[in-house]
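In the two assemblies presented below, chain A is common to both, partnered first by chain B and then by chain C.
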Partner chain A sequence: MSTSSPSASIERPVRLPTGATGPTRARRRPGRANRAPRAVALFGPLTLFVLFTLLPLYWMVVYAVTPENHQGFLPWPLTFAHFLAAWNNLGFAFLFRNSAIVGGSTLVVTVILALAAGYALARFTFWGKKLLILALLCTQFVPGVVLLIPLFQIFKGLSLIDNLLSLVISDTVFQMPLAAVLMAGFIRNIPVNLEEAAMVDGCSRFRAFLVIMLPLLRPAIVATGSFAFIGSWNNFLFALMFMNSQQNFTIPVGLANLIGEYNVDYGALAAGGTIAAMPLVIIFAFVQKYLVQGLTAGAVKG
Partner chain B sequence: MRARQGWRWRTTAIVAVLLMLVAGCSSGSGSTGNVTITFWDDNGGVRTPTWQKIIADFEQQNPTIKVNYVGVGASSIQQKYNTAVAGGSPPDVGMVNSQYLASLVAQKALVPLDSMYSSSPLNGKIDQAMLKSGRQNAPDGKLYLMPMTTTFDTLYYRTDWFKKAGLSAPTTWADFFTDAKTLTNSSANQFGFTLRGGPGGTNQLLGAILYYIAPKSFFDSQGNAVIGSSQAASFVQQLADLYRNGDTPQADINNGYQQMVSEFDQGEAAMLQHNLGSYSNHLTALGADKFAGVSMPIGPSGTPVQVFPGDNGPAIFAKSTHQAAAWKFVQFADSATEDGYWNQQAQQVPANSDAQNQSWVKQNSAMENTLQRLDDPNTIVIEDPHYLPDFGTIMDVDMAPLWQKVLAGSMSAQDFVTKWAQEFTTAEKNYESHR
Partner chain C sequence: MAYPLTADATTAKRRKRLNSAPYLLLAPTILLLVAFVAYPIATVFYYSVQHYNVTEPWNNGFAGFSNFTQLILNDSKFWSSLGFTVKWVVGEVVLQLVLGLALALVVNEAFRGRGLARAIVFAPWAISGVLTTEIWLLIYNPVTGLGKLQRLLGLGNGNIAPLATANGAFLSALVAELWRGIPFFAILLLADLQSVPQELYEAARVDRANVFQRFRHVTLSHLKDAIVLSTLLRAVWEFNNVDLLYTLTGGGPAASTTTLPLYIAQEATISHNFGYGSALTVAAFVILLAFSAIYVRLTRFGQEA
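Showing the complex of A and B:
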């Protein structure tokens, strides 16, 4: 593996005559006249983007913390009545528990399966590998609603209707293919020599994977795990269709029940939405660093 | 060696945790009575406390029957029924609406209730028009849905605005259009009317056309839909003109019922066409002294019309293994006390005739007006053809975008009603040929 070729051109720093202002110098110390357009060009789109993204969330929070029929942009006067209504009347405690069980279990199972499948795709050569990757990607084009009745019948046959395990399985089925393909990309970026060195020192392949690879894959695990958790946390369709008792519903189904045939409890809906978003915000605050690493690690082939 | 043992322990621990997780996911059955029936509510969340009270009363009177309540959102119930029926796992009892009754009957999902009803103490106590509607919406004319409630179109209006302008509540469509123009002051964000151009808009429009043209039936003797007439086109054009001339809010072209109702409740519109179901919203938002509800205006023929929107009530599913217990629950829910209680909470019209005479009905001006119109011997009672399998497709898929085109001025009202009538005529002929 050659690192450079004789014909490859390498940019060398150009020494500028004293007093000359080259582009590098101009970049370092922009003139006062250049600062304003640059700030507008940089912060204008960013501000618009942040407003576009955060305004609906802000609106949700305002609805959640102000009394009914409140009009205005500021969250005043404050009330927590909607949170109490959502928590007590809707039974948010068990909705939250169910969503946490399903989301957490989906995350764990998806990551374990994606690690195994991703490792196989990255490290082994076998017949039909490309076809398998294509098939895994193609599963992402199939909408969940198409598989609703077949899945329903399978789960009924397994006596898993109205059982949270059916949600864990179906969510994992939908999250795993993309997670496996992403994981394979991450694993490919880790030099195989590291594993081989561990195996020369007496490690089995499995132990080398656990001891050497797994710590290096932390950003990838966080990235795929986050996707799996969010997908499962927000899944409405399967939770609605496969659960047949109030105590097994998840947060999206509970929130949908606040939209009545002729009326909508916007306050409780916004409060419920705020509560539902909290875990995701907190998780992202903690894993943000790994998530960015994980998302960019597989982007450029080394 | 030591490391390997450590890994064995860890593997065992992981497997144990996974097994515990699986066990934790399992739902318990937990039946305390001899029989447990499952009941699906089609408007879960909003109606949950009402049903919980009715179920508690029922279980107290029938200690051997436990009812497992499942509240499902109104917008998802039909899909949940269809999936459960196709998957072979429907509930024992479920609240069913006329609009999708035909589809469930076609799937042989429901039990006919005719013989059970004829030998029940409820016999003779259920509103005849609602029973007729229930039978009419089933392809084989049998009774599958035990009517429990219905709700009628009402014209809500701001009493304070009308009084200030020296107007009285509109009784004819001519008054309606004049009043809508008079009460519009767009600079003060005040409009004469708010219409529904978005989701569900065609349902409301169809009703309004029927109130205006006052036909004796939806199809004429040749099986042609009557809504394609020039009179219907003229009415649709007048409504569209209200929108295009700024007598309704500009956002109305995309209004669903929530947006439309909130425009009225937030004081932007003087009049609103909606059913009795939103009465309590207006009461909360505006107070009893600022609004009232009247029957829908009368058209040029002078004949009063009441469009029957269909019923809502419990039905028993054919897969139920506890049909006797399910029927006991249905009868209990339809009794005067419970039906009255349910409808009082929802501010809708009870099916039980004894419940219709309860004092709370008289206190709701909109309902009282509607019931008076129904009692009028000159009133034509007409129903949308919900029984047509294509009804939903025609209304929501084919015609809804065209209604927006009419409002936007890119389609003529005559072309619109002609197409609408043709679609209904074709659907009716298909339905009759397969019947």
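Showing the complex of A and C:
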């Protein structure tokens, strides 16, 4: 008997929830009796949130992979006919390619501009800096719809209507300010001594940036690049307004046209939606861990 | 080249020498902002005092303030869209905040599989308005969605068409946008929840505060700034939200779910009435500017760089 009671008192803290605040929790919830209500209070709402998130997606995927007039809840029997129809007959091959071109170009241009601007904001003091940061943040409040008509006029003047370049420009303009502010925050967190050590060793400032800073900024580049890509991939209104011919439409415009048709082919619509969601899901899996940090830095920190 | 001993002096010296560097680095950014944000905003004001309709070129010309008098005195759609905008923004922001805070509290707890749970419940953040419409249309459509569900379960004939009535369309759009909007608040508030010092909870417990008191006086008071900030930010974004309503309800039935920005988008893309659309845009812009002014004041933006 005397051996069991000390062992229990040693084991107890080990068994209790292993969070970052383990010991604190242990004091707060000393017994197992409290676990059941906690589980209900925690997993009840969690289950509801997960179901609310997943069921609509599940419903779409079921429609995308099952034959027409399918009855039931399970995605069975499987068919890829809808994907083939969407890809070949409904133009998703075009749409996907256009969205990828615009999204990819926006990503590259935005990241380069954000690196340059972010570096300037983080490493230099200069006249007009505060004003510029304020201007960058204020662009977050300029709705796309405000710029719809004047940007159309500008691109018409530049003969860029029905040209994907107009989308790259307008998407970059909308994605770049937040990316620059985010990047400035990331760069500010890297000690300036690292660069200066390299410069003392004879590196130019630019070389020091390439060799020392760029590798350290990889998470920042992944995060800002992904935000820019997602924003561009999802942009509907500009593409709707600036593109006239079918072969230049992007995925949101293609989806919207499909939705607007009277005789909707629901299977193909669902397949198209699944195709549109695919890159987002993959990118989101990558940037998910930067999301909390990234959005907060951009929205709160300034 | 001789380097002074202290790092501060080095940086100061280099800063002085490379004075033009920040401007060179920022030149493309500033150029883009001037050419594609500042200049377009200026031209909106110009077009707002013009008759300018692509489909009626013979009427084009200086309009004075007639677009604005038309808008304020004779355009019932402007006022009804403004009313719905308020209803839409308040409904969305309040519900997204409450549910987003609940979600943040849940996924802030330590449990097995938390990383996966976060990835799942945050995912709709990345989904576009049009894609959200597509997903929820499969649910709201009587053939494919709730109606089908009712038939499969043998509960009725499945004539559920929530988008057909004004209230149904509003609620349908509200739920679809919630699906996409809750993660935004959850992500932002989660970051702030993680920074609540555990000692505060300890102290509150020593003072015999119960769960609700701890939530109110520790959690909520710590989150206050983040809540003020995120609600204002979200209010502006929901005001600007066009994609979802444009594709899900098309502003209908009978213009009952038309927000002011949706009205502008329709004037631009469907009616091609750029002059009147610009006048509407100026109205929206003034309203947003008032919002932004409050926002800047409340959060003291740009104070620390």
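In this text, the second predicted complex is superposed on the first by the 228 of 302 C-alpha atoms of A that agree within 3 Å, B and C clash if a C-alpha of one lies under 4 Å from a C-alpha of the other, contacts with A are read in each partner's own complex, and residues count from 1 in each chain.
Please note the rule applied: a contact is a pair of C-beta atoms (placed from the backbone, for glycine too) under 8 Å apart; a residue touches a chain by one contact, two chains touch by 3 or more.
All of these numbers come straight from a predicted model, not from anything done at the bench.
When the two structures are aligned on the shared chain, A:Phe152 is found in touch with chain B and with chain C. Of the two partners, chain B and chain C, it is C that touches more residues of chain A. When the two structures are aligned on the shared chain, A:Glu196 is found in touch with chain C, with no touch to chain B. Contacts of A:Glu261 after superposition: chain B is touched, whereas chain C is not reached. Contacts of A:Ser245 after superposition: chain B is touched, whereas chain C is not reached.
In the superposed model, A:Leu42 lies in contact with chain C only, and not with chain B. Look at A:Leu95: by the touch rule set out above, it reaches neither chain B nor chain C. Using the contact criterion defined above for the overlaid structures, shared-chain residue A:Ser105 touches chain B, although it does not reach chain C.
In the superposition on chain A, contact is made by A:Ala276 with chain C only, not with chain B. In the superposed pair of complexes, A:Ile161 makes contact with chain B only, with no contact to chain C.
Across the superposed pair, chain B and chain C both touch chain A at residues 71, 148-149, 152-153, 240-241, 256, 258-260. Residues 7, 21-22, 24-27, 38, 42-49, 68-76, 79-80, 83-84, 86-89, 91, 151, 257-258, 261, 265-266, 274-275, 277-278, 280-281, 284-285 of chain B touch chain A in their complex.
Contact residues of chain C toward chain A in the complex are 3, 7, 10-11, 15, 18-19, 21-23, 25-26, 28-30, 32-33, 35-37, 39-41, 43-44, 47, 102-103, 106-107, 109-111, 117-131, 133-139, 141, 143-145, 152, 179, 182, 184, 187-188, 190-192, 194, 198, 201-202, 205, 226, 229-230, 233, 236, 239-240, 242-243, 246-247, 261, 264-265, 268-269, 274, 277-278, 281, 284-285, 288, 291-292, 295-296, 301-305.
In the complex of the two chains, the chain A residues touching chain B come out as 68-69, 71, 89-90, 101, 105, 148-149, 152-153, 156, 161-165, 168, 207, 240-241, 244-248, 253-254, 256-265.
Contacts from chain A toward chain C in the complex involve residues 17-21, 24-25, 28, 42-43, 45-46, 49-50, 52-54, 56-57, 59-60, 63, 71-73, 113, 116-117, 119-121, 123-126, 129-130, 132-154, 169-170, 172-173, 176-177, 180, 192-193, 196, 200, 205, 230, 233-237, 240-241, 252, 255-256, 258-260, 266, 269-270, 272-273, 276-277, 280-281, 283-285, 288, 291-293, 295-296, 299-300, 302.
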